[in-house]
Structure formats: C-alpha cells, structure tokens
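Shared chain: chain A. Partners: chain B in the first complex, chain C in the second.
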Partner chain A sequence: MTAPISTNQTILVVGGGISGMTAALEAAECGKQVILAERNTSLGGRTALLYRYFPKMCHPTCGLEINLRRLKNNRNLRVLTQTEVVSVTGQRGDYTVALKISPRYVNANCTACGECAKAVETEISNPYEYGLAKTRAAYLPHAMAYPQRYVLDPSIVSTADGEKARAACKYDAIELGMQPETVELKVGTVVWATGWKPYDAAKIQPYGYDRFDNVVTSLEFERLADPHGPTGGKLLRPSDGKEARNIAFIQCAGSRDENHLRHCSRICCMASLKQTQYAREAYGEEGKSTVYYIDIRSIDRLEDFYLRVQQDPTVKFIKSKVASIKLDEASGDLILHGVDTEGYHRYAAQHDLVVLAVGMEPESNGIALPADIVTDSSGFIEGAADGGQFAAGAASSPLDVNRSVQSATAAALHAIQVVHQTAAAEGA
Partner chain B sequence: MSEHNQQAVTRYRNNFLQEVEERVEDGEWVKMCMQCGVCAGSCPLGNAWQHTPQKLFMMIRAGKREEVLTSDSMWMCTSCYNCIVRCPRKLPITHIMHGLANYAHRLNLVPKGQPTREVARLFWNSLAKTGRVNELKFSLALYFKDGFVQGIRNALAMQGVGFGLMKARRLNPMELFGGHKCKDPGSLHKMIAKAREIEDRKKGFAS
Partner chain C sequence: MSEMKTAAYICSGCGLGDKLDVAQLSRIAQKEGKMALVREHAFLCSEEGVQMIRDDIDREAVTHICIAACSRRAKTEAFHFPTVAMSRANLREGVIWVVAEGDQHDEVRQEMADDYLRMGCAEVKKMKLPQGNPAHADNRRILVVGGGISGLTAALESAEAGYEAVIVEREAQLGGWAARLWKRVPFRQPYAEPQDTGLSELAARVSSHPRIRVHLNSTIAETSGAPGRFSVQVAGPSGTITEQVGAIIQATGFDTYDLGKLPELGGGKLPNVTDQAGLEALARTANGTPIKRADGKSVQNVVFVQCAGQRDASGMHLPYCSGHCCATSVKQAMYFKDANPQVDTVVMYTDLRLPGMGEDFYRSAQRKGVTFTKGKVASVEAEGDGCAVSFRDLILDEDAVIAADLVVLATGQVPSAGVDLDAWNPIVTAAEGGSEEARQKKAEMQKISVLNLNYRQGPDIPQLKHGFSDSHFICFPYETRRTGIYAAGPVRRPMDMLQATEDATGAALKAIQAAENASLGRAAHPRSGDLSYPVARLEGCTQCKRCTVECPFGAIDEDEKRFPVFNESRCRRCGTCMGACPVRVISFENYSVDTVGMQIKAVDMPDEFSEKPRILILACENDAYPALDMAGLQRHLYSAFVRAIPVRCLGSVNTIWITDALNSGYDGVMMMGCKHGDDYQCHFVKGSELANYRMSKIDDTLKQLGLEPERVTTCEVAITDNARVARLINEYVEKITEIGMSPMKGFG
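And then the complex of A and B:
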C-alpha cells in the first residue's frame, strides 16, 4: 500500500468509533483533508457492539449506517484500518506521525462472499463478542463492518488453513504474503478519539467475575441481547444456557472507587436502566430486574427515562453497593450479600445472572501517548499543551454516544481552526 | 455526667459531627462516607452488631450523640480491616471505630461492664505501671473482673492450661510478686503523662 499524500493541513483522527467517525466526517465535510486511523479491522468501535441506545431504545446500526454512507460519499476522508500510531513528533500545525499498518491478508477484491470462512477449520475467540463466542479464523468482524471485507487471523496465515482460505477464494482476494508496514505522514493536527475500554471486572475481587460464569459485564450483556450476538438475542446465562429471568444489575462496578476507577463513568446508570428493558422485552411481566445502586445518576433529560423505568413493576431498586457475591453450587445461581441503606436491612438475594455495570477506563491507559499530551487523574486526554492536538468523545471523558458525538464535533471544529491558522501562516 | 462529657456537650452543643471531627481519631473522615454499605456488608461480625459502621456514620451526621457514644458496636470491631480494604472512599473505618471507642471511654459513656473495654483497661494498666504486661496478673485480673466467686470458678476451669504453661516454662508463678519490669518505670510514667498532656491539649480536654 502506498502512503496517502498528506500535508500539514491534513487532520489525523485516531480511532474509528462513533467519535472518530464523527470528528473525521465533520472536518471532511468542511472540505478539510482527513485521515482516519483505526486499530481494529473495522470501523464502529464499541458502539457497533451495542444492542440498543438509551433513551430512545433505537439500534446503533441506524446511526452507523448514516455515518458510513457519509463516509463513502466523501473524497476528503481516507480510512486506514488495522493502523496504530507509533509516534507523533513536531508541534501544532506541523506534526510528523508514524503509523504502523498490520496486514489484513485480504485485499480490496473481497466481496464478503464468505467462502474463506467455510474453508478454514481453526476457530479463535471472537474479538467482537468479548470472548463469549468463537469464530472461524477467517471472519467478517460484524454485520456493520466497514470495510465490508473479511480478515484472516494472523495465527493461520502460515498454516494449511491459510492455504485453504486462499484456495477457496474465487476473487484472488487473499494475499498470504502481506507484510506489516510503517508509513510516515505530515499532518497539521491530531484528534485523539481512542475511546474507552471496560474496567477489568476481575479486579473487583468480591464480585468473582473471574470465578463465576454467571457474573457478566454490561457489555457482554449487550451481546447476549443482540440478535446478531452469540445467543441470537436470547438472554441465556453462560454456565448452563438457562434463560436468565431474575437478573441483578450492580452499579459502580469499578467506578467511584478509590481502589479501582476514581471517576463516575456516567453512562452505567443509564445503561443498566436500558438493560432492564431488555429483560422486559424478552419476558414481559415474567422477567425480574433488580438494580443495586449507590445513587442513580441520570442527568438532565435522561431522568425521564429513569422515571419511566421506576414505574415498571418488573424492575426493583435497592440502594446498596453489593458487598460480595457467593455461588450457589447446586443451581448455578448467585447470592448477593450486602446491607440495604434504606433501613439498613441485611440481605442475601438470589439471582440467575449478575450484570456488572463496569466503569469506563480510557482505552489509551497503558499506551504511551506523545509526551506533550495532557491527561487527567484518570488518564482521560485533555489535549496537547500547545493546542495542536485534541481529544474527542470517550477518550476525553466518560461519555455516552450522544455526548461523544457532540464532543467529537467540537474537536473537529478545534482541528479545523488549527488547519486554518496553518494555512493563513503559509499564505495558502 | 462526667466532667469531660459535660464540657464536650457545652462546647459542641448540637454539632456532633464537628465534635467527632475534632476529637475522635480519624473522625474528620466521617463526612466522606457516601452510605454505599460495603463496610456493613463486608464486616464478618456485621450481623452481630447493633450499629454497623455505615449506620454509625449516618448517626453521627444526624447528631445522635448519646446513641453513638453509648453504643457498644465499635467495641465489637476485631480489626480485620475488610472494611478499609473495600471502602470505595478509602475511609480508615477500623481506625474510626477504635477512635470512637476511645472517645466514649474518655467521656465514660461506655455501657457498664463492656468486656472489650475491661480487657483493654486491664491490659493498659498493667503495661503502664511497669513497662511490661504481667501476663499472670493480667489473666488473674480478667478471671476476677466479675467478682470473687466467678474468679475462682474461672481460675479452676483454666488450671490445666496454667499448669501446662508452667511445665513448658512459659509461665512463672513468681511473677505474682512484683514481676519483671522495664529498666526505668519512673521515666515511662513521665513519658505517658507528657503524651497524655499533649493529647488532651490537642483534643481540647484540657481547657
């Protein structure tokens, strides 16, 4: 692949989730040259893996589809997938970035016919199902994947399976000899839309995420509810595939905790309220959801949704941070222990399935950012000290999709300003 | 009402939280509690207490001075530190429990015959006198704390252990007469008196 031509009036957007796509599109639609670099094999980020949005309960596919259409129609925007930023040097209006592009082993000839997936036998943990399902080692990331092209897992490339995949392809789309490459680009400004990752729930020892199959994270629960997910949209619990009808939601799993994440992740209350409605959707009046919370933080207009869920007789609220979870060996159920703050009653409550509303940690935690990037005490990116780089969406703060889009639009505007100033300085 | 208690009541009027913040060890942390209940749920003896830490903190903020200081819940703490480890706000809960117990002790508001307090008091008195805890006198004092007859009963019940310890040379019956002490108990007494004076000045007991 040849390096895309870029100048110091080009905007680099790092991360192709909802924030990165938005920032890139807003800038590109203003006529700016934009390069969108995504580390994974497809755009869409974590948003693509959600079942529904709150508060309107609509599907993310809708918004993604609009963005993908905008993207396909825009000639100012170039998308690089499987691309990571290696380094950023220089200053506002004059950066040199090095990008490492990993091989996909599938070229643009791919029609997503799926013959390669039928040919290979090796299975890998599906990176888009949070480990809840396996997939063939030649796979389409997900239904909304962009580019709509298969990927070969590097583990099979030099095996007989890789050869089988190549042989099965009618379009000469599989190139087993693809090599990683590093390209250097000039850009004027960088927008970091690196997003977030779920806090490692296994670190919350008393909740036993690593010991009990039926303790899942809120993101895994999204996959269970999604018709494209591993259970075909049925709320089946992992241990025995039984329908989970009595579900506990534990709030602040990792958030607002000096031992874990000090910040409030802000979206988890709404996410759990939304997920109680998945149970209602599945079972009607038969389902039972219990939300264990410290306090419900549904900000401004989202409070209407909270009030609506409060009216739902299948949803119960218990003001208590659960102290510990024990397994009932015989049934596979979980017993939640704690004390209810409203009345100080001690409880031991049995549930089929426990959903941990895990906190949002910056995806960039543990990754070396350029030296002049300023982060807050939780690692969220505030931008470059000289105002030449910006953060968008959940990279900047724990934000829901709606606010991520707003943040990304703002970041795009800042980036455009840098490009304008650079252009003015050069008399272009 | 003890003199200290009278003075505290006059000084703080209805602001018990402020009293705790100024006079109880680590009491300034109480206002940081967000009432999540993890300490109460994590306490291995939680179901045996009348007031869990979570509840005590709320009672302090609600100004329930009498009920807090006469509670025997903080005396039940075994210092397992489960609450401190799990508290999402990192409150030193164990230390606050001991601080509250100590403050209630200073004001002499502890329920009569509270066993933890009696043990602590006997232990301290033995230690402060000679600089060494006299284990024989300390155990005998414990046996006899509920009266002479009960003391004889306790001693008889434990005599097997006592003889065993003597045989293993872990217990010297001669300790009953004076017993061993540190090199200069007089200086120790002065140090303790000085420490008490500083502590009293800091916590406002002196004025």
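And then the complex of A and C:
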C-alpha cells in the first residue's frame, strides 16, 4: 500500500476499539485529519465481543453500527488495520511515526462473497472467540467486521489451501505474495487508545483456571451467552456441554491484589451483576447465580441495577474472597472453599460453572511504548512528557465503556489543541 | 441542480449473475424504472466499475443513480459519489443471500430482485442531493454556565483549542465547591496523599486568558436560537447583556443533600454531626493543624458514616451512589491522621468504593491507621459532649455502639439541573388551559431554570434519571436531547473532581463540534454530516402541533400563529416530524413521504390468485436493517415475499405509507424498530415508542378497509437478531398465508 498522506496537523489514533473509534470520529467530525491504526483485522475491539452492556442490557454492536456509519461517511478519517506502531520520534506537533502493517493477503477488491472460505479446509482457533471455537483459515472476522473484508490466516498462505483460496476468488482479491510493510507518517499528535486485556487468570493458582475446564473468564462467558458465539448463546459448560444452571462469579480475580493487579478494575462488579442476568435470561428461576465479592462497586445510577439484581431471588451474594477451588471428579462440578466474612461462616459450595471476573490490565503491558510515554505503576498510560501524546479510554485507567468514551472525547480535544497550536505557529 | 439525468448500474458479481436474470433487470430499469442509462457490470465495485460510473457522472451529466448490487452498508468506499443522488437496490444481502437455493425458487427470487430494482429507481427519482441549510450560522463561541471546576475546565480547554469562551457564574467568585475544599483526592500516582486542589491556579489562568470572558454574579435570563446562533441574555449586576454563542455547556454542578433530612443520624440536630462539606470548612480553618470542632474542642475520635441518605431503597432519600464519597472520607480521615496520628478515625461503610487507582489511596489510609468497619449505622445520638453511633457490625453480625467527638455524614450530590421537563409540561398545559394555580406554579418553577430556553418544549435540557441531565446512551455519553447544549460534571452524573475535569474536556469538544457542524449546515450525532434538513410547506399546515410536540430534540418552535418554526441546526434529521405530520407537508431532500411512498408503489403486485403475498417491511436503519443484512451474510433464509425499506427511525414512518401499502394490495406490513420503554435503545429517543403508539391507532383504518388487525405488526428487533429476524419474517408470512390474501388487490 501507499502510506496515507499526513502532515503535522494530522492526528494519529492508535487502537480501533470503542475508545479509539470515538477519539478518531470526534476529532474527524470537528474537521481534523485523522488516521486510525488498529492492530487486529477489524475495528470494534473488546466491546464488539460483548453480548450485552450494563445497565441497559443493550447490545454493543448497536453503537458500533452507528460509529461505523459515522466512519463510512467521514472522509477526514482513514483506517489502517493490522497495523502496529513501531516507533514515535520527534516532538509535540511534529512527530514521525513508523508503522508496521502486516499482510492480510486479501486486497480491497474483496467483496466478502465468501467463496475463499468455502474453498479452504484448514481450521484455526477463532481469534474472535477467545479460542472457544474454530473458523476456516480464510474468514470474515465477524458479522459486523469493518473493513468487511476476508482475512487469510498466515498459516495457509504457502500451502495448497492458500492456492485454493486464491483460485476460488473471482475478483483477484487474494494476494499470497503480500509482504509486511513499514510506513512512515508525519503527525502532530498521537492518541493512545490501546485498551486493555484480561489479566492472565492462570496466574491465580488457587482458582485453577489452567486446570479446570469449567472455570472460565468473564470474557469467555460473554461469548457463551452471545447467540453469535460458539454455543449459539447457550450457557453450556466447556467440560461436558452440560447446561450451567448454578454459576459462581468470583469478583476481584486478579484485581485489588498486590500479588496480581494492585488496582480495582472498576467494571467487574457490574459485569458480573449483568452476567447473573444472562443465567436468568437462559433458565429463568432455574438459573442460579452466586456472587463472591469484597465490595460491590456499582457507582452512581448503576446502583439501580445492583438493587434490581439484589431483588432477584436467583442471585445470592456472599462477602468472601474464595480461598480455593477443588474439582469434584464425578460430576465435573467445582467446590468453592472459603469463609463468608459476614458472620464468619465457612463454606464448601458446589457450582457447575465458575466465572472469574478477571481484572483489566493495560493491553500495552508487554509492548514497547515510545520512551517519553509516562505510565503509572500498573502500566496505564498518562501521556507523553512533552504534552503531545495522550491516552484515551481503558489505556489510561480501568474504565467502563461509558467512561472510556468520555475519556476518548476529552483526548480528542487535547489532540485538536496540539494541531491547532501547530497550525497557528505555522500561520496556517 | 440542473436537469435530472438518471442511470442504473446492475452488478452481476458475487453470484448475482448466476442467481438472477440480469438482462431482465436491465429491461426493468429501462422500461419501468425509466432510467436514462442502464449498465451492467460483472464487478461493479472494482476500480473499473466505479470509474464507469464516475465517467457517466462527469461526461454524461448523470445526476441520479441507482446501484443495484449489495447492501447500502457494504462497499461504501467504492460507491461514494457525493455529487449525485444515489439509491442502493440491495440484491445481494437482501435477495440472493436470503432466498433459498434451487430452481424452484428462481421465480420468486427474480421477482424480489425485480421489485428492489423498481424501488431503487422510484426512490432515486424522488431524491434531491442535499445542499445544506443556506440559513446556517457560524458563531463558534462557547458559553459555559457555571464556574466550578467543570466549568473552568470546559472554558479553558475550549480556549486552548482556539475558541472563545464565556463563563456565566452565579456567585461572586469562581471555583464552586472545589474552592471550599482544603485538599483534593490525589489524581496522579502515587495516589497516597491528599493534594492541593490547584484551583487558584486554574481560576487565575481562566481569568487572565485572552479568549475567555467571565460574568460573575450573573445568571441567564433567556436563551434563544440554535447551534451556531444562540442568543443568550445574561443578567448581571450592571443589567442584562446579550452574548451571541455557537454552543452551550451546562456545568452547573450540584448541591449537597440536605443534612436536615437525616435527623436519625443527627443531621441538622446535633452540633457535632456535620457533612463532608462541613468537615472541609473545619479543615480549612485548621490549616494543617489538628482539626477542631465548631465549639473549639479538639477531636480525639471521628466516625465517617458512608452512604448517609444515599443508596436508599426506601424512597425517602437518594437512591443512587455519588461515587466520590468513599474517597472523600478516606481523604478526610487522613486530614486527622496527618495532623495527629493518635486520633481514632473510623470509616463505617457497607461497600467501600474506590475504583481504579483509588485502591492505592485506600491502602495508604490503612497504613496511616484509618479503621474501616463494615457496618450499617442505625442512629447517631448525643452523648456527653459528643455522639454515640449505633450500628450493626456486618462482620461480627451484632449490634454495637461507638463514641465519637465528631461524626461526618457522607451525603450525596444533588444535581442543579434546572427545571424537570416531565413535571413542567403538564403544568404548562394546565396553565394554557386557564388554571391560575398552574400559572403560579409555572412561574415558581421558572425561577429554578438554569438556561431559560425559550424552546417550545421547555426551559432546560431534559433530565434522565434522579434529576441528572445524563445521556441515556452508553456508547454516547454526551448526547443530551437538546442539540448543541452539553451537560458536564456532576450535573450530568454524580462524579469526583478528576472525572469532572475529563468530562468537561469531552463536553468542550462536543460543543466545539456542534458549532463547527452548524457552521457547515450539517447534522450532529448520530446522523453526523447529513446535509439534509426538514422543510415544511406551511401553506398546507393545519397547525396541529404534532411535530412541535413530538420532536425528540425540541428542535421545532411555534410562531404566534402556531405554525411550526424549524431550527435546522437543532434538528437531528430523524424524521419524527415527518412521521407525525397528518397532512404530510414535512420532508427532507433525500428522504420524504415520496421517496418511501414511491418505493411502496413501485412493487409489482401479483393478483390474489397467485398465492404470492407481498409483505412490506419498514426497518430502522440503525438496528433492524443491519440485522436483516447480517441475516443475509450468515445465510439465515427468509421468505421471498417480503420487501424491506430502511427508514431513518420508526418515528419517521408516516401512516400514509401503511394505508397506501394496504390499499395497493400488500398483504401485510411489518415495522421493525428498536426497543422502547425505560431501557429504550432508539437512537432518536422516542421514535420507536411513537411508532408503536401511532400504530396502535391504525386499527380503525384497518377496520375501514375491512382488513384483519394482524395485517400490520410492529416488532422490536435488536441488531444482534440476525437469526431471529429471519424467523420473525417467516412466521409472519405463515400467519398472513393463513389469513389469506388481501382483498384489496387490484384496487390500488
């Protein structure tokens, strides 16, 4: 590809989840030139993989559709997928950014007709299902994927399957020889909207995420609840496909713990409260949930939702940090051990599925950020020391969607300030 | 625009050519669609295909095009022709991907495609290329109401982006609540100690900024106009002056919950029971030395009662959580510990809420020896010259009493949002009906108005819940129901200083954006960039006021003769007014009673003996239409008897479309919109609800026509209902088949 035209009045937004899309769109709708770089094959980030939002129980793809329509209508905004930032040099108002663009092996000719997927046989772990399902190695990331363009998994490119995919395409859209590229851009400011990742649940050893099939993360549970997910929306537990009707939700799985994440991840209480309602939606009065918590943090009017769930007879709350989880071999169920601190009662409670409300870790942890980016002790980004780069959304702090969008909107204004000041200095 | 020249482009790629008779489609476009140019292409979205269209536009002066290929949601980069009017006949997602394979379905599949092409041709001929509102205004100044931390931030951030800002502050000085704080909760690592508020520097920067004007001791007497041309009467000490601005930020903050409403906790009753604001005052007096009570006595033990009058399920107090109070009490406990580590500080809570890095601040307090007790306080009584706090210890599961020299009640934030329009509108109606009592009440309410908007729908922005002017949308936190007016800070939602600062910055962006959009005559969210706007033929108007009442955004006023006055830059282009208008005088250049009506009429209606029913689907373009598209993408098959038309919102559906459809022989009409009710998902707030209401009245029409009530149905469809929407269609077609074909066929 050719590098998009950019100047030191261009805003680069890194990350195409809801925060990045928001920052990019809000700036572009103020008339600014924006480049949005996303590492994955399509936009939407983690929110696109959620079944419902709290507290309205509405669908994240609804807002995604509106944001995509805004994006399709806005010529100030250009999207690069499979693109990562290699380096940022320069200073506020005058940065040079090197981007690495990985090959999709499918060009803009793709009409999403799906013939390539029919032609290939290889299956890969579906990157959009947290490994819970497989997909053909030529695939459209998901139904709402933007760009609406297929992807070839690199594993089949130099195989017979790759050739089959190429031969099946009537539109010369498949380019098996596509190579990684590095492009350099001139930009005035960078907004880091790199989002978050779930804390590695296997590190919380007493919970046995790496040992027990029926211990899943809250994100995997979203996929199980989603009608477009691997189980068609049925809450089936991984070990034996049995309906999960007695579910434990363990709060602060990794969060508020100096051995793991020192911060509170803010969203997990509300996420679990929401997920108790998935069980109710699926099984009515038979769908039982137990929430093991330290403090329930349903702040502001989200408290209404907590009150509603408290009144739901299918949901029980136990103030306790679960000490350990043991497997009941015969049933595949899990036995949770601990002490209910309200009155100090010991319990050994049996559940058929355990959902770990895993904490939010900055996605940028483990990725080399430019040297002058300042992060806090958990790795959340505060911005650049020279005031020319900003963080937006969950890259900056553990935030829910609503607050991420607020943060991203604010970051867009900070970015605009830089390019306006640059423009003024240049007399443009 | 000069003379209309039409063209249709029919794609035979993606299997369209295999499944459909493209030559027949071409004939239909020519003969029935009356398209001046008709071209086929095997790969229309290719560079070559797009170039062909572009050449026709440039060389053949084509002005109106119908693309018969994939969905309007697909290939938007390729099919981008901003200088012509364009319709998209959805033959791929809408026909070949949803109609069953096999020769036996060839006939109905082709009929479906033929109809979509007829509809596309009919639609585009009624469309005009939107030119933008020529009457737009371009004032880009930002008015900020309120000079607290949110307002100061909003003004400063706007000014730093190059925009002029005006602050109107009721008090004699800037700063709001933040000015009364001794210290603030830390907002940077190490998140361990209370920090200086930084307010005096902020206020000084604002006061000396060349692009910021400040009106102190001032309120807003009247606001009129629209984004890009608001005219605001500012009443101040030296009379009333007019400020012309482009957008408004309401940062009017909060009041603390009235202590007097908590007598069981000693509030307003005991001298040594105060609230967090009262404690800040004591801390400021102490100025770093050990805090003394109002009576001058030193404090040896202090109890902080969290959630005082908050998170209340009884209905007597605030039902919500104010979010900041846990961190504030932790900070205030530190005031005591930092000055004298011997002071006993107990924070009594049910859930301690310090999200994010607040956890470090909490740990810091634990290290300083602050005690945290999970307990529910039952009462605070006078004892000696201090207090006795009775509580249920939730850990030990027993009742207990603790003595305190001073008790601090962590009460909540009560938003200063102005007039509650839900209460206002019935009173206005009663006052207009001649009730003297209502007239007085109205005058009384008007006194608390913040903005004094002269809008038809009331003087302030609508409140969402618990009196806050919040947005209803999770993905779009700034979407108030008054275009160009944004709420920021605790008036929008309970929040702390850090969040208020960020929130105000975001609101400043939205205000700037609203002014910029208005200056270009284009719509704000969610139809951002749309240049169309509603036009009314007033000569046909019956002054029924439905449009002015039903507009979800209060965009339409009334003149002295009760004709509607449209304020285009307040309009979000949802078309609710068009749907409401009984005499059909309201339209958009590219979306009108005709653009949809002609599509409905363009469908070829088989006779009643054909056993081929025709079902009209009117689908919300935000959720239902994408769900239909994705049903296609995932091959959830549905009946070839339906004809779907996307609408901007179900609120824009004019009942004439339904009666026209039934009159011309359609066997059924399905309306697909978003969820309504408390958790509504309609992006135009009331559209799907209004449609539902209007359709509840269509029974009379059906009766007059002698038709069964099932022939019109309304359903809620979410964007994720890809599989369900196909099922809904098939079930409905089955039902209509059972009822039988419409007797109206052949009369249309």
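Rule of thumb we're sticking to: the second predicted complex is superposed on the first by the 428 of 428 C-alpha atoms of A that agree within 3 Å, B and C clash if a C-alpha of one lies under 4 Å from a C-alpha of the other, contacts with A are read in each partner's own complex, and residues count from 1 in each chain.
Keep in mind that, in the parts below, a residue touches a chain if its C-beta (ideal position, glycine included) is under 8 Å from a C-beta of that chain, and two chains touch if they have at least 3 such contacts.
Since the structure is predicted, the reported quantities are computational estimates derived from the model, not experimental observations.
A.B. asks: Of the partners chain B and chain C, which touch A:256 in the superposed model: first, second, both, neither?
C.D. replies: After superposition on chain A, A:256 lies in contact with both partners, chain B and chain C.
A.B. asks: Which partner does A:266 contact after superposing on A: first (chain B), second (chain C), both, neither?
C.D. replies: Touch partner of A:266: chain C, not chain B.
A.B. asks: After the superposition on A, what does A:183 contact: first (chain B), second (chain C), both or neither?
C.D. replies: Neither: A:183 stays clear of chain B and chain C.
A.B. asks: Once the structures are superposed on A, label A:168 by its partner contacts, choosing first (chain B), second (chain C), both or neither.
C.D. replies: Neither: A:168 stays clear of chain B and chain C.
A.B. asks: Between chain B and chain C, which one contacts more residues of chain A in the superposed model?
C.D. replies: C
A.B. asks: Considering only the touch criterion stated at the top, classify A:133 as touching first (chain B), second (chain C), both, or neither.
C.D. replies: Neither: A:133 stays clear of chain B and chain C.
A.B. asks: In the superposed arrangement, does A:341 touch chain B (first), chain C (second), both or neither?
C.D. replies: Both partners, chain B and chain C.
A.B. asks: Between chain B and chain C, which residues of chain A are contacted by each of them?
C.D. replies: 256, 319, 341, 344
A.B. asks: Spell out the residues on chain B that touch chain A in their complex, using ranges where they run on.
C.D. replies: So the residues of chain B in touch with chain A come to 34-38, 40-42, 46-47, 52, 54-55, 85-90.
A.B. asks: Can you name the residues of chain A that touch chain C in the complex?
C.D. replies: Listed in rising order, the residues of chain A that touch chain C are 18, 25-26, 29-31, 51, 53, 56-67, 69-70, 72-74, 108-109, 111-113, 140, 143-144, 148, 170-171, 226-228, 256, 262-266, 295-304, 307, 319, 341-344, 376-378, 380, 382, 397-399, 401-403, 405-410, 412-414, 416-417, 420-421, 424.
A.B. asks: Tell me, which parts of chain C touch chain A in their complex?
C.D. replies: The touching residues are 13-15, 43, 45-46, 70, 73-77, 157, 160-162, 188-190, 311, 313, 319-323, 349, 351-360, 374, 394-397, 465-466, 468, 470, 472-478, 493-495, 499, 502-503, 505-510, 512-513, 516-517, 525-526, 528-529, 622-623, 626, 630, 633-634, 674-675, 679, 681, 683, 718-720, 722-724.
A.B. asks: Going by the contact rule set out above, which residues of chain A touch chain B in the complex?
C.D. replies: Within the complex, chain A touches chain B at residues 206, 252, 256-260, 294, 319-324, 337-341, 344, 346.
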